[in-house]
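Dropping the structures in below, format is structure tokens.
What follows is chain A paired twice: with chain B in the first complex and chain C in the second.
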Partner chain A sequence: MIIVNNRDKVEWHEGMTVQDVLDAMGYDYALITVTVEGTLVPEDDYGTQTVPDGSNVGLFHLAHGG
Partner chain B sequence: MYIPGMKGRNPIFERNVPGTTEKLQKATVGIAGCGGLGSNAAVALVRAGIGRLILVDHDIVEASNLNRQHYFQTDIGKPKVEALAAHLKAINPDVELTLQDVELTPEAIASIFVNADLLIEAFDRAELKHWLIQAWCLAFPDKPVIAASGVSGCGNTGAMRVHSSGNIHVCGDEESDMSMGLCAARVMMAASMEANVAIELLTSEDKRS
Partner chain C sequence: MADGKINITINGIEASVQKGSYLLQALRDNGVAVPTLCHHKDLTPSGTCRLCVVEVEQRGKKKLVTSCNFPVRGEIAVDTESERVKTHRRVLAEMYLGRWPNVPLIQEVAAICGATDKEKYRSELTDENPKACILCTHCVRACDEFVKERILDFAGRGIKRHLTMPFGEVDPHCINCTSCAYVCPTGAIEIVDDMNNPVNPQMIRDFGMKINAEMATLDKDQCRMREVGTANIVDVMDAYDLLPVHNYKFGSHPDTKNIDSKILKAKYFTQDHPDGCWKGCSMACAKAVDGFELRTGPYKGDRVVVDGPEYETSAAGANMGCFDADFIVEWNFYCDTYGIDTISFGTCMAFVMEAFEAGVITTEHTGGKELKFGATEAVMECMHEIAAGEGFGVEVGQGIRYLKEKWIRELGADADFLQDIGMEVKGLEYSEYVSKESLAQQAGYTMAVKGPQHDEAWLIFMDMVNNQIPTFEDKADALYYYPLWRTWFGLHGLCKLIWNDIVPLSNKDYEPQVAAKVPDHVEDFFRFYEGMTGEPLDEEGMLAQSARVHNLQRVMTRMLGYGTRKDDMPPFRAVGPVTAEEYESRAERYDKQLEELAGFDMKGKSTEEKMKAIREYRMDQYNRVVDAAYDRRGWTRNGVPKIERLRELGIDIPELVEIIKDDQE
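Presenting the complex of A and B:
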């Protein structure tokens, strides 16, 4: 089981990547910043970096405006 | 009697939260962008007693900025970093300011902010926020970055929050987009949240003991 944003639970599977977590959460925002166990995942690695079972994943949606 | 330069006795900080001013006076905060978020966060930090700010922006003050940014009619046409510096010095002449009137790039992060204890992300466009957080975390993995996302529209006050993971802190509702328009009350709220998180991190016992 993966915990997202200290709130949502996502079923874990072998070889699960950051992109798989985003897909499971239904996130289709263009710009998402991701952490795994509090460490930033570079965007280029979303499709390749695997997420261990039990991980805490942080997903930040960045919206225009300031 | 207050003598300029003797920061610890500066009377403008008499009503500050006890124990915070001394820590903030030693701290340096980087601010990437001096628009609605950056200008207002800078004002809050200077009023709290921050010692040094590194201000980065390459824009000129325009009339349309005045609906939410800490500028005045007499600033229109001036570089934002220079106009903001004057306003910050008018609050506390002792605050140390490093002004960078440049277009920030990912490659420049490590050198421009090398002396910063933490960064306040204060850009307007989401893709810039995104690369700034990425570049900061790669350059300074142990230093906090405080960003804002979802600051647009008006009302919806209860949706504003701080979302943290590791050294990344994002203030706002993470939803509202500037196509809704921007309102000073809400942008300043997000800017104040960013400043408040910075003050909390810089004055906490474990961070700067």
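Presenting the complex of A and C:
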């Protein structure tokens, strides 16, 4: 199990990447900043960086509009 | 090999580069210098000057290519210093030197290429001006790519090629962005007129060009403001259950696809050029529909230009259950033509429709109109009545607060129900976002001085999705900073869209709490302010400027008879589910919240009991966040600025103190 934004729970699986977490949450917003255990993940690495079981993942949407 | 990488050889040394990247950039990333005159980091490579040629060997064949626009797709061996390359560069540089011998950039690049003889290619075409145009195409590409205009281009062929505007005249479509002068490497294009007499024009141009470059390179992968304008938000809000549907009952709908940015782009938008609302702005977010044939009203049958639709207009369509783009464009046109706000009308009509469906009013009261959700023809009819001052339109045109009071007074309607579903605060209709799942946004709406508009605070993602401001104090901090920051735009007559509807790549290097403020763009606005006024500004200074005005506005609101806690109370629809239908539609969410956060025992409870419990829980939370926000702002628990706060801000003048002195704790 991993925790997203200190609140939401996502089932973990072997080899789970940052992109898998985004997909599991249904997040395809263009302006998202990702952290794993507080460390920023570059966008180019979303598809390759794996997320260990029990991680705290931050998927932060930047506001726009208005 | 990592995803997207490819091995190439550069001057005999193996290197790994991004597949599809341009060779010049790959060479520079690997520390290999290549001379060029026409390359610019923010412009599409053009291969114009041909100085960046290198020798590429692929499948045993060697050829010279311009590296700036050569995409690396396969394994290649690159030689940047072969005799063939060096000769090619030197001869070209000698030609440039013969044509423009005194331009410093030409001299510099010629020296790198080993060209020193200014006389070899000297001719009657030689231009001795040190600021001569060298035909690099920077300005032509900037005009096209930054601003989406083609005002500058070349005329003449061969040696007579020269830079000009259409027919050699100043083109009225020029938006004065100064991009051309900014990217000109020789000074051939100069700015001769600085409007508004800024203290430091260069500082302002630096700011503007940074935004122009970001718009040209980043917008297509971010908010797509140039492509579809604010209509992009329709898609996002529907995906996150935040698009108001049926008077804010729900946050998404299967038919949103009929009014989203994709359909507007595919079938309606015809204009995507800068509309000149701000001199020099290249965001070009305003869209328009050309040749739209009206089906109703005094202009029925006419083909017209429609300015829009923007997000709020499409979203108001969803709020009325009208998922019909033809209707939205027509309604948009008549709102503009009649001078009616699409938000106020849309939200008011959504309220009317819910009241109609709930039996509060009938066709007897609407002049025979079946005003159910989705009744596009009845909406248009009502709109024309508003403009003509006839029928039921006269009543709708006076807004939700008026209708609530009238129906309670004259029809004996259920006052609590109308208060719950009438989406207005301080007499102003809500703008088009569902705030139920964001406590901070609930207060952001209600505490906004003019009424529930999101232009003081749009905190939904920070709060609901990101969970970045979990405590009441965190939310209160956001309700302190963001309204003051957004007030600052209004104070200076600036548009906020270039603050966070385009975000620099560097923003991902900041911790999320900092990133939410888009700090580099905040700094840019401070530099812009300094460029105009000559006075430096920082966050503390900005907050002080805004807080003075914001508190003054709140005192004036008090003077007008509003401005206390009761005026900051939301209709419950903005906070949680009013009807069983609403609760059941998101039952999993509400049940979970009741159980996990409110500690409510769910066993054997009916929907009505759960609705009562969630109302109590959410209103308690709402009141707590308002308490925290009032404290943070230096206001009393009744929402009135404390006299000591006015003193801190230097606005404790007797006239203002007199207005609020009886409200002090």
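Keep this in mind: the second predicted complex is superposed on the first by the 64 of 66 C-alpha atoms of A that agree within 3 Å, B and C clash if a C-alpha of one lies under 4 Å from a C-alpha of the other, contacts with A are read in each partner's own complex, and residues count from 1 in each chain.
Quick note on the criterion: a contact is a pair of C-beta atoms (placed from the backbone, for glycine too) under 8 Å apart; a residue touches a chain by one contact, two chains touch by 3 or more.
Note that the coordinates shown come from a computational prediction; the quantities given were computed from them, not determined experimentally.
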- Is A:Leu62 in contact with chain B, with chain C, with both, or with neither (first, second, both, neither)? both
- Message: According to the stated criteria, A:Thr48 is in contact with first (chain B), second (chain C), both, or neither; which is it?
- Response: second
- Task: Name the chain, either chain B or chain C, that contacts more residues of chain A.
- Result: C
- Query: When the two structures are overlaid on chain A, which partner does A:Ala30 contact: first (chain B), second (chain C), both, or neither?
  - Reply: both
- Where does A:Thr39 make contact in the superposed view: on chain B (first), on chain C (second), on both, or on neither? first
- Query: Which partner does A:Arg7 contact after superposing on A: first (chain B), second (chain C), both, neither?
  - Reply: second
- Message: After overlaying the two complexes on chain A, where does the chain B footprint on chain A coincide with the chain C footprint?
- Response: 5, 30-31, 33, 35, 40, 42-43, 58, 60-66
- Message: Going by the contact rule set out above, which residues of chain A touch chain B in the complex?
- Response: 5, 30-31, 33, 35, 37-40, 42-43, 56, 58, 60-66
- Of chain A, residues touching chain C in the complex: 5-7, 26, 28-31, 33, 35, 40, 42-44, 47-48, 58-66
- Query: Tell me, which parts of chain C touch chain A in their complex?
  - Reply: 2-4, 221-223, 230, 233, 236, 239-240, 311, 431, 454-455, 458-462, 465-468, 470, 496, 500-501, 503, 507-512, 515-516, 518
- List of chain B residues in touch with chain A within their complex: 33, 35-38, 122-127, 129-130, 133-134, 137-138, 141, 147-152, 163-168, 170, 172, 174-179, 182, 187, 190
